[in-house]
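Please read the structure below before turning to the comments.
Per-chain numbering from 1; labels A, B, C, D and E assigned in written order.
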Amino acid sequence: MFENRTTGFALALPAAIFTAALFMVPVGILLSEAFRADGQWSLSGYVEFFSEPLNRTVFWRTLKLGVLVAATSAVIGYGAAFAITNLDGRRRGQVFGLVVLPLMISPVARTYAWIVILGRTGIVNDAIVGLGLSETPVRLLFTETAVFLGLLQLFLPLMIISLVSAMENMPRDAIPAARVLGANWLQVFTRVILPLTREGLVMGGTLVFTGSLTAYITPAILGGSKVLMLETLLYQRVNVANDFVSASVIAMILIVMSFSANLLLKRIATARR
Amino acid sequence: MTGMPTLASRVVLALVLTFLIGPFVIIILAGLSAGNSLAFPPDGLSLKWYLKVFTVESFQASFALSMFLAVFGTLAALALGVPAAYALNRYDLPGAETVRIIVAAPIIVPGIIVGLALLRYLVVPTGVGVTLALFLAHTALVLPYAVRVVSSSLHNLRADMEEAAVLLGCTRLQAFFKVVLPNIRAGVLAAFILGFVTSFNQVPVSLFLSGPGVRTLPIDMLAYMEITYDPSVAALSALLAFLSVAIVFAAEKFLGFSRYV
Amino acid sequence: MSDAFVSLQSLTLAYGDTIAVPDLSLDVRQGELISLLGPSGCGKSTTMRAIAGLLAPRAGRIGIAGRDVTRVPANRRNVGLVFQSYALFPHLTAFENVAFGLRLKRMRGAEIERRTRDGLATVGLDHLARRKPAEMSGGQQQRLALARSLVMEPDVLLLDEPLSNLDARLRLEMRNELQRVQRATGVTMVFVTHDQAEALALSDRIVLMRDGRIEQLDTPEGLYARPRTRFAADFVGFENIFDVVPEGLKGPEGTVPHRVPHRVPGDVAALAWRPGGVRVGSGELRGRVAGVAFAGTTREYVLDSALGRIRADAPAGAERLAIGDQVAFDLPPETACPLGTA
Amino acid sequence: AENTLTISVYSFAQDAFKEAVYDPFEEICGCELVVETGNSVERMAKIEAYAADPVVDMAVMSAHDALALARKELLAPIDTSKLSSFDQLYPAAQDPLGGNLGVGYTFYATSIVYRSDLVEVNSWADLLSDEVKGRVALPAISTTQAPLVLMMLGQALGQDDILQTIDTVGENADDIVTFYERSSQLAQLMQQEEVIAAPIGRFAWSRFRGTDLPFEWAEPAEGQTGGMNVMVMTRGNGNEDLALQFMDYWLSTEVQTRLAELGIDSPANAAVEVSAEAAENLTYGAELINSLTIMDPAVILDQREAWIDRWNKTVIQ
Amino acid sequence: MSDAFVSLQSLTLAYGDTIAVPDLSLDVRQGELISLLGPSGCGKSTTMRAIAGLLAPRAGRIGIAGRDVTRVPANRRNVGLVFQSYALFPHLTAFENVAFGLRLKRMRGAEIERRTRDGLATVGLDHLARRKPAEMSGGQQQRLALARSLVMEPDVLLLDEPLSNLDARLRLEMRNELQRVQRATGVTMVFVTHDQAEALALSDRIVLMRDGRIEQLDTPEGLYARPRTRFAADFVGFENIFDVVPEGLKGPEGTVPHRVPHRVPGDVAALAWRPGGVRVGSGELRGRVAGVAFAGTTREYVLDSALGRIRADAPAGAERLAIGDQVAFDLPPETACPLGTA
């Protein structure tokens, strides 16, 4: 830690000022519209928003999918991250590269791939029918399942990246130490790995949850107007109805959701057992 | 480690990779289709869609724009973010948490709102060009990643190395460039890659931030698909993915990324 | 399985392509304290990891208490290991670190509390029970690691350089504590140290290792007084080693006549003296003082002679020599250790 | 800017437009055309945002979108006397918004496209038949097609209130694969047999005809519906002369014929004559155009809020 | 400023709210090697950091070569520091690590090359010049850190436990090397170690620290033979310390009569003996062997007596005692160290 704070501020402030001035100010003005009605400060935008049953449905659906995607990616992410950290150097690099690869593909194209995969004649339905799980192809497209899968595929890499780096920063012999002290693998996970990687979990969880809330392409294409999420609803409000007040309300809700999720995760992570 | 659930973890890994990479394989193959629609398995093989990509004029302009935004937006974010990350890690600053929150804000704001806000309260009133607005927006979007990733590698870098450098005669600035930067190269590179792909694939922000003749590639692809639903978009995506991989690979070779990871 | 308590049979241990230990066999008796000694990188920690079950052998078998545990996972071997790197849990307090293993045994809370407190007291950390490892000094962390293993009362306790970060006094205290525990519980201990004095003081037997192989397995007295190879002699402090040749002794700088002891010469390839075995002040050999250091009860000299460098200790009370002084010295046959051709 | 005309158009077939319209026009006027593309709502949002100092001089969009802009006073009347082909336009295209705020430049019919190998469609009511159950798509309420389709479906079901039809759709919502926003996606879905019948506009028809699969354009008993796209002039853009010149060029028989032969836009200019082959892709001929049930853009505009409201409550709830 | 080469005047050093060193004054002479000795956490490293300029004092002044450097930044003090943690540059080879500081001095390339090679040779690492720190063993890394500071030829060289990871032989070599460098260059050195033997062997003077304060400042011989406080005596190995009372000696278990040396009793509060100063085998006191350890040339006994625990060393050649044996012993006044009331 250095003592010269002036230098510290000189280094930290440009980034903060940049974001504040060019980002937070315009966004803030827009968001403040949600608190205005007929030139007055008011919460009526919010009241109206939540009085619409559709909006409530979409709100809960968004929350549900966000939590589900974040939770699933955490579970899968731990498995994958653990497996990756246990690979030897070279192989680890290769597998890590494969995990990162999907990030390089345009989400537009990735989402369309799901249309092919999940269609009536797609491989998933081929498998379902082939295995005799169902007589006829199952409708998967334009369902919450499709949106869930699309989002999971989109954001799982971010979770894995966070967890892998957290695991790599774990003290070297912590797991062997727990083993020698009699812990089985489940206990090793709950008592050592989980508490030692919670920073990574918080970061991954925030990225995935926030990402799922604010993703546009995936719910738009895989869900369509039958499976609206807040972000697609927002787009509709702006683009179809030219209704900026609802749009700001939705945006504000999304921001509050992301922010509280982040706080909640941090709280859970730092809670003493 | 003995008794590590090797088999189980291998299986998990295989499934995860299939899930993550599967769609990519489908995109590559669908682009090779001889038919007129996205299909898997493709109806016959041909390179016609891959070739067609190069004949669509709008793709060229939007590709150039997206490339510009991704490269320079990310570099700008790093130029702002690396010093900030350094200050947040090495100085005991009052208000550090506030700075962290401000810088992280762009991640949690829905992209559509960002685009709309910048259009209505930056582009329109100040008359700055859409390209500049896009550049600023992309810089702000990438900044949180830059700060976070670089922070975490700084966090793992012992501060006493800098002290050693100073005792050997470096100024703080020299110590940063000679000792800190080389050791956080991997983090900086990772931030660059993450920023690059975030910016390059960014859709919602750019939905509104487009102007006559100014449109990012993903928006252009969406528009293209609204009209023509042929496999050339799959082909284009596959080509872009290969390009990204090549850029990462080159950057890795160039910066010696893996040596320090 | 042999009747040894811990039995290693033809173990081959490797990391990827690096074979750290090629073929190791060793029997440790019940209640014994055996030390592994040897230069850095010779495979001491690797051997410990294999006994603990953290590294699967490429070949060979491991037996503990008459049972073949080669395939038994680490958490079911009832073996304690104090890691060279401590391997404390950074997210837990000192108390919780020590209680960790006890909790896994589903012990009653009061019992856990009692045993943990006792364990902390044993290593003198009772006042720091609430601290996290990061808030403790290096020596305190090391003692915490020790306590964490001790409270588990394992059948076999493996200690990998458990005292390396303690100052002389604390080290002594901990050594006594370990001996007390051993007497009290009869636990079998395998001890790794780079400090010979510690190995000599503590061990029932010492395994001197070199490149993953056993160089000499002996009692402390045996190893200390009768190292069998140059490597062993050098390692236990016979710093002056010279070849026996027909003309006398041969050193790097030259050959001098010498009263080689009455043995079959073919047997003895070299003779070795500790610094304390060199007599300074009288004798047929001549040297010039090239270095001197005060070492409490003795004064350590480095002499340049016709044989080469000689390290010699003289009692602190003897006449003081300064750098550059000429001095007579002797390499008495009675203090020499004869080394074979190996 | 001086000698630069900025136009805002749909993003489809830009390559063909460039060749058929933009390039030749730049030759003639000696000016530069800047083309902004996008779907109509996005483009409208932008025109509104730049109301004070318009960036776009001239735009094309659906009649009711144009009417919406007109009501916000963002449009300027077009001096039709400067349009040499004005008299040749179908009467419906001459002043669809009133006050000469817009001129129709293309018509389209809307009907149902279906996979003739899997199903047969003879009536708008067939969209809700058991045969297509679970494999039909309808346009989302936000699209231009939706009101037209709902109107025809209502007619077929004997309902005369669109709100009632929306309720019926709502009851059947589970059997409808999706409410599409982009007809382009539909081609993909129909090739995958995800969807086997769906209403579309004629302008999208060529996409289906281009494939090897047996797609059929239905001629329902209730007739086809349709609509019109219009060109408008933004208010106070300062570039009116050039914009008018461009409109005039686009409406000319020469250009309208060229666009029709390319299968891009059906002509609004009655003087245009095209080959039989080209006509197959178009909404062409006085007979057809006069037979279309066209909805009044003002009705759409006035009712849309209520429809969307009901739709949100009963259909996508 | 005093005429001392390094002069610390009433230094107060703190981290946040923790005051590590409350008020330290110390003068180091030019060309001197002074050692800081003291238990873990007593403020040794902290003091070094302050001298180097890495930690600004809360109060007090620091002078080097007659100049007040309290406000001079670290890179302009010409002070070298070998970090306890090495602080090597992981991205540079061994060669580049050593050359780092030289390059900043804008030296000619050939000169840099020569001095770097010399520096590496000095610490025996010439063959590893191309390796990165991560590819070197702990001891090699430590020597590299040493070389990096040595080549800079600083006015003052601060060494924070620079030999702690070396085995006994290498340690001795490095010690000699440091002495050679000091003789050759006359550099002033401040040395931190937790190893007394090292401090005794190397230092001109020793500073014994305790909780950030100086407990005793003395020559090695002085500190070793005449510690002035219980703490100091205990620290340098007078492990048997008993209070002087009118009846004789008082230990934790009881009091025994004793021939207290002829001094003013008020002066002497306690007497202390090293284990080597206790005579085993004869004497008026009786003890029971409670522990025994072999230590090469000696045998270390723990005796239970009426005074309490006694630690005593007997020559290895003497009669061997087993645990439980009764033995006579003596605490001879001539080997006792008298301690004041402090």
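Everything below uses one rule, namely that a residue touches a chain if its C-beta (ideal position, glycine included) is under 8 Å from a C-beta of that chain, and two chains touch if they have at least 3 such contacts.
Note that the structure is predicted; figures quoted are calculated from it, not measured.
J.: Touching subunit A and subunit D alike: which chains?
T.: B
J.: Could you give the fewest steps needed to travel from subunit A to subunit C through chains in contact?
T.: So the least number of steps between the two chains is 1.
J.: When B-D is set beside A-B, which has more C-beta pairs in contact?
T.: Spelling it out, more C-beta pairs touch across A-B than across the other pair.
J.: Farthest from subunit C in C-alpha centre terms, which chain would that be?
T.: D
J.: Measuring centre to centre with CA averages, how many angstrom lie between subunit D and subunit E?
T.: The answer is 90 Å.
J.: I'd like the Å distance between the centres of subunit B and subunit D, where a centre is the mean of that chain's Cα atoms.
T.: Measuring from centre to centre gives 37 Å for this pair.
J.: What's the distance between the Cα centroids of subunit A and subunit B, rounded to whole Å?
T.: From the centre of subunit A to the centre of subunit B is 16 Å.
J.: If you average the CA atoms of subunit B and of subunit E, how many Å lie between those two points?
T.: Inter-chain centre distance comes to 54 Å.
J.: Among the residues of subunit D, which ones contact at least 2 other chains?
T.: Touching at least two other chains: 42, 45, 185, 188, 192.
J.: Name the residues of subunit C that each touch 2 or more other chains.
T.: 53-54, 73-75
J.: Mind pulling the subunit B residues that touch 2 or more other chains?
T.: 1, 3, 38-39, 120, 207, 225 - these are the residues of subunit B that touch more than one other chain.
J.: Can you tell me which positions in subunit E touch subunit B when the two form their complex?
T.: Counting only subunit E, the residues touching subunit B are 52-54, 73-75, 79-81, 83, 85, 87-92, 100-101, 104-105, 148, 152.
J.: Quick one: which bits of subunit B touch subunit D in the complex? Just the residue numbers, please.
T.: Where subunit B meets subunit D, its residues are 35-39, 56-58, 119-120, 124, 207-208, 210-213, 215, 223-229.
J.: Applying the document's contact rule, which stretches of subunit E touch subunit C when the two form their complex?
T.: Touch residues, subunit E against subunit C: 39-41, 137-139, 167-169, 175-176, 179, 194-197, 200-202, 220-221, 224, 234-235, 237, 239, 276, 291, 293-297, 300, 302.
J.: How about subunit B: which of its residues touch subunit E in the complex?
T.: 158, 160-161, 163-171, 174, 178-179, 182-183, 185, 260
J.: Under the stated contact criterion, what part of subunit A meets subunit D in this complex?
T.: 52-54, 57, 112, 115-116, 119-122, 139, 141-142, 220-221, 224-226, 228, 236, 238-242
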